[in-house]
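In C-alpha cells below, several structures.
Shared chain: subunit A. Partners: subunit B in the first complex, subunit C in the second.
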Partner chain A sequence: MVNILCVCGNGMGTSTILKINIQKICVENKVDAGVESCSFSEAMTYLPSIDIVITSPEWAEMLPPSRATVATVKNLIDTAAVSKALLDIVREKFPDEINV
Partner chain B sequence: MDFYMDLFFKQIFGQPFLLMAIVVFIGYIAMKQPISKALSGSLKAAIGILIMGMGSGALIVNFGKLLKALQDSTGIQGAGLNTYPTMMNAYEKMEAVLGAGTGASWGIYTLLGAFVFNLLLVALRKYTKIRAVFLTGNVMIVQAGISTYIVWRFLGLDMLPTVLIAAVVTALYWGIMSTLLIKPTQAVTNGADFTVAHQQMFMNYLAWKLAPHLGNPADDIEKKKMPASLSFLQDSIVATALVMFISVAIILLVISNDQTEWLRSVAGLGQPVLKNNFIFIAWISFILTASIVVLLFGVRMFVGELMLSFKGISDKLLPGAVAGVDCAAIFAFAPKSVVLGLLFGTVGQLLGLLGLLVMSSSIFIVPGFIPLFFDNATIAIFANKFGGWKAAAGICTVNGLIQIWGSVLAVKMMDMTWWQGSADYATIWVAIIAIFRAIGAMLGIPVAG
Partner chain C sequence: MFIEELVAKERVQFYEEFSSWEEAIMASFKPLLADGSITGAYVDSVIHCVTKYGPYIVFAPDIAMPHAQENAEGVRQNAISFMKVEKPVEFEKGNREKDARLFFSLASANHDIHLENMQKLAEILLKDGVIAALLEAHDADDLLAIEKRFF
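So, the complex of A and B:
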C-alpha cells in the first residue's frame, strides 16, 4: 500500500476535498493506497510513514526533508492535474502498488 | 411509548455524536459504499464529535477564566474571535435552557436542512439564478449552528420552526453569495471550475467591485518580489499561538495584580508554580492554542466524512452545479496576496482594537487567527487581481477594522464570549441578527437565552 498525505494550511477545506478526490482517483486507477489529510503544522508528525505528499508549491517549499516524494499542484481542486501528478509518481516509484 | 420517545429523540437523535454517525452512515450507503466503510466512517465521525467537545470544553473554560479576570478587574466584557468555539458557545447557550445535546443536534438538523435547500435552489436555477452548491463542510456546520442560535434566541420557537427558518436563511446566504463569486473566482484561478464558499464572500464581492476604482490591476503584487521569510506566519498553529500570546499579554497588563494572582490560583487556571509572568502568559496562550488544535482535530475527523457525503450527493443529483469550496483553494494562485492580506488585515484589526480603547468600549475583542488570516488573504487575492496591491492593502486594512467593530456589534446583540469574527459575520450577519432581533421585539417575544 502506498501512503499518501494531502497537506493544506489549516488541514480543513482544501486538503479534505483533495483527499476525497484522490481516494476516487486511486480506486479508478486500481492503486492500493491509504490517503490522509492534515494541516501543514501536523505534516511533520505524519511524514515518517508517508510515501507521497500532495500539496501546493508554497507549502512544498516549507516542508522539512523526508523520505516522501512531494508532488505539487497549483490548483488542488483540479482533479485532472492532481490525477496526472499522482499517477506519474506512482507509476515511476510504486509500480507494484497498481493492481492490474 | 415514553420509553421509545426517550430512546429515539433524547438518546439517539438528540445526541450529536450518534446523530453525526447516522448522517455519515446514510451518506455512505446512498453512495453505494460497502457497509464496512460506512461503519468505520460513522465511528470516526462519532469520535470526532466527542474530541471536538473535549477541545472546546477546555478552551471555553480556560478562556472564560481569562475573561472573568478581565471583567472583574475593568468591567470590560471580552469576546474571542474564532469559528468553532463560536458554534460551541452557541450550542452551550441553547443547552443551558433546553438541556444537554439539544443545541448541537438542532444545529446539525439545520445543517442538513440548509444543504437540502441549497440543492433545491440550484435545481431550480432557471428561476433562482443560483448555481453554486456549498460543499465546505467545515464552515457550513459552524454557520448552521450560529443561524440556529440566532433564530432561537430572538424568536423562541420550537425545534422544527427554528430549524426550518435557520436553514432557509443559511441556504439563501450560501447560494446567493457563492453564486455571485463564480465569475471573479474564475478570473483569479484562470478558469478553474469552482467558486469560493466561505465566510467573507460579501467582502470578496465588494473587493471585486471596488478594487478597479481604488487601484490599477497592473500593480499586481504577484509580479513583484517579496521576502519569503514572512511565509512562516501562514503556519496556523504558530500564528494562533503568537496572536494568543499578544492578546493574553495585553489582558494581563490591563488587569490588576489581584486578578492575576486569582488566575494563577487553583480557583483560576491552577498554575501556582508559574510565578514568572512571562512563563505564565506563555502557558496560558499555549494551552488555549492546544485546545484549539484538539478541537480542530475532532472537527477534521467528522467533517471529512460529511464532505464526502455532500459531494457524492451533489455530484449525483446536480452534475452541472458549480462546487463551492474552501477559500484556501485559491491561495496557491496568488501566494503573495495571501501574505499581503494577512499583514494589512492585522494593521486594520490593530486600528480597530485601538479604536475600541479610545472610545472606551464596554466590549474588548481578542482577535483570532482563523478570521484574521483566511478572510484577509482571500479578500486580498480578489482586490489585488482587480485593482493591484494598493487596492488590496487599502481594502484589507478597512476589512480588519470592520471585523473588530462589526464583531463588537454582534457580541452586544448575541451576548456571547466567542464570535465568528469573519468579514460576513461582521457585516451582513450583523444586519441579519438585527432583523431577527427587531422581529422578536416587535412580536413581544422575550429573548430565549
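So, the complex of A and C:
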C-alpha cells in the first residue's frame, strides 16, 4: 500500500477536497493506497510514514525534507491534472501498488 | 440536495463586486453570522489566516473556500454558505489565477459532520459542468435549476 498525504493550511478545506478527489482517482485506477489529509503544521508528524505528499505550490515550498515524494497541483479540482501528477509518481516509484 | 439545502437555509448570496478581498470574505460569512453559526471572531481569524499565509483558499481558478481551523474561536456549529460575485475578487495583485467569483465559506465545530459536508461539496466541485453553470447563476432559482439538472 502506498501512503498518500494531502496537505493544506488548516487541514480542513482544500486538503479534504483533495483527499476525496485522490481517493476516487486511486479506486478508478486500482491503486492500493491509504489517503489522509492534514494541516501544514500536522504534516511534520505524519511525514516519516508517508510515500507521496500532494499539495499546492505555496505549501510544497515550505515542507521540510522527508522520504516522501512531493507532487504539487495548482488546481485541486482539475481531476485530470491531479490524476496525472499522482499516477506519474505511482507508476515510476510504486508500480507494484497498481492492481492490474 | 446540497444546493437545495443551502437555498432553504438562506445561505446563498449574489453580489456585483467588492473593493477588496477582505470585504468579500466578510460578506460571504454574513448568512452564518445572521443565523448564529459563527461570531465575528471567526471571520477575523479567516482574514488573519489569508493575510498570514497568502490566498491559498483560492484552490482552483474562480473558486475560494474561506475558512480557518476546525473548532476555531467563534464557531458554534458546522455550516457552509455560498456566494457568487459577478466581478472577480482579486486576492493577489497581478495574479489572475488567484481571482475568485465563487465562494464556499466553511465553519466546523464537529469533524465528522464537517467530513460529510465536504463530501457533498466535493460532489458539486468535481462534477463536470457544475462550476461553469454556477458562474452563470444570478439568483437562488438558477441554483435550484443547477441542482435539478446535475444531481
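We adopt the following convention: the second predicted complex is superposed on the first by the 100 of 100 C-alpha atoms of A that agree within 3 Å, B and C clash if a C-alpha of one lies under 4 Å from a C-alpha of the other, contacts with A are read in each partner's own complex, and residues count from 1 in each chain.
In this section, a residue touches a chain if its C-beta (ideal position, glycine included) is under 8 Å from a C-beta of that chain, and two chains touch if they have at least 3 such contacts.
Values in this document were obtained by computation on a predicted structure and should not be read as measured data.
*Asks:* Have a look at subunit B and subunit C on subunit A after the superposition and call it: clash or fit.
*Replies:* Superposition check on subunit A flags a clash between subunit B and subunit C.
*Asks:* Considering only touches as defined above, state whether A:D78 meets subunit B (first), subunit C (second), both or neither.
*Replies:* Both: A:D78 reaches subunit B and subunit C.
*Asks:* After the superposition on A, what does A:D88 contact: first (subunit B), second (subunit C), both or neither?
*Replies:* Touch status of A:D88: no partner.
*Asks:* Just to be sure I read the superposition right, which of the two partners does A:D32 touch: subunit B = first, subunit C = second, or both, or neither?
*Replies:* Neither partner.
*Asks:* Check whether A:T14 is in contact with subunit B, with subunit C, with both or with neither, and answer first, second, both or neither.
*Replies:* It touches subunit B and subunit C both.
*Asks:* Looking only at the overlay on chain A, choose which of 164-172, 254-262, 272-280 or 344-352 in subunit B hits subunit C.
*Replies:* The overlap with subunit C comes from subunit B residues 164-172.
*Asks:* Pick out the shared contact residues on subunit A: the ones touching subunit B in one complex and subunit C in the other.
*Replies:* Residues 8-14, 16-17, 20, 39, 56, 58, 74-78 of subunit A touch both subunit B and subunit C.
*Asks:* Can you list the residues on subunit B that touch subunit A in the complex?
*Replies:* Answer in residue numbers: 135-139, 189, 192, 194, 198, 231-232, 234-238, 293, 296, 299-300, 303-304, 307-308, 311, 323, 325-329, 331-333, 335, 370, 374.
*Asks:* Which residues of subunit C touch subunit A in their complex?
*Replies:* Against subunit A, the touching part of subunit C is residues 49, 53-54, 56-57, 59-61, 63, 65, 67-70, 97, 106, 108, 114-115, 118-119, 121-122, 125-126, 131.
*Asks:* So in the complex, the part of subunit A that touches subunit B is made up of which residues?
*Replies:* 8-14, 16-17, 19-20, 37-41, 56-58, 61-62, 74-78
*Asks:* For the complex, give me every residue of subunit A touching subunit C.
*Replies:* Listed in rising order, the residues are 8-14, 16-17, 20-21, 24, 39, 56, 58-59, 74-79.
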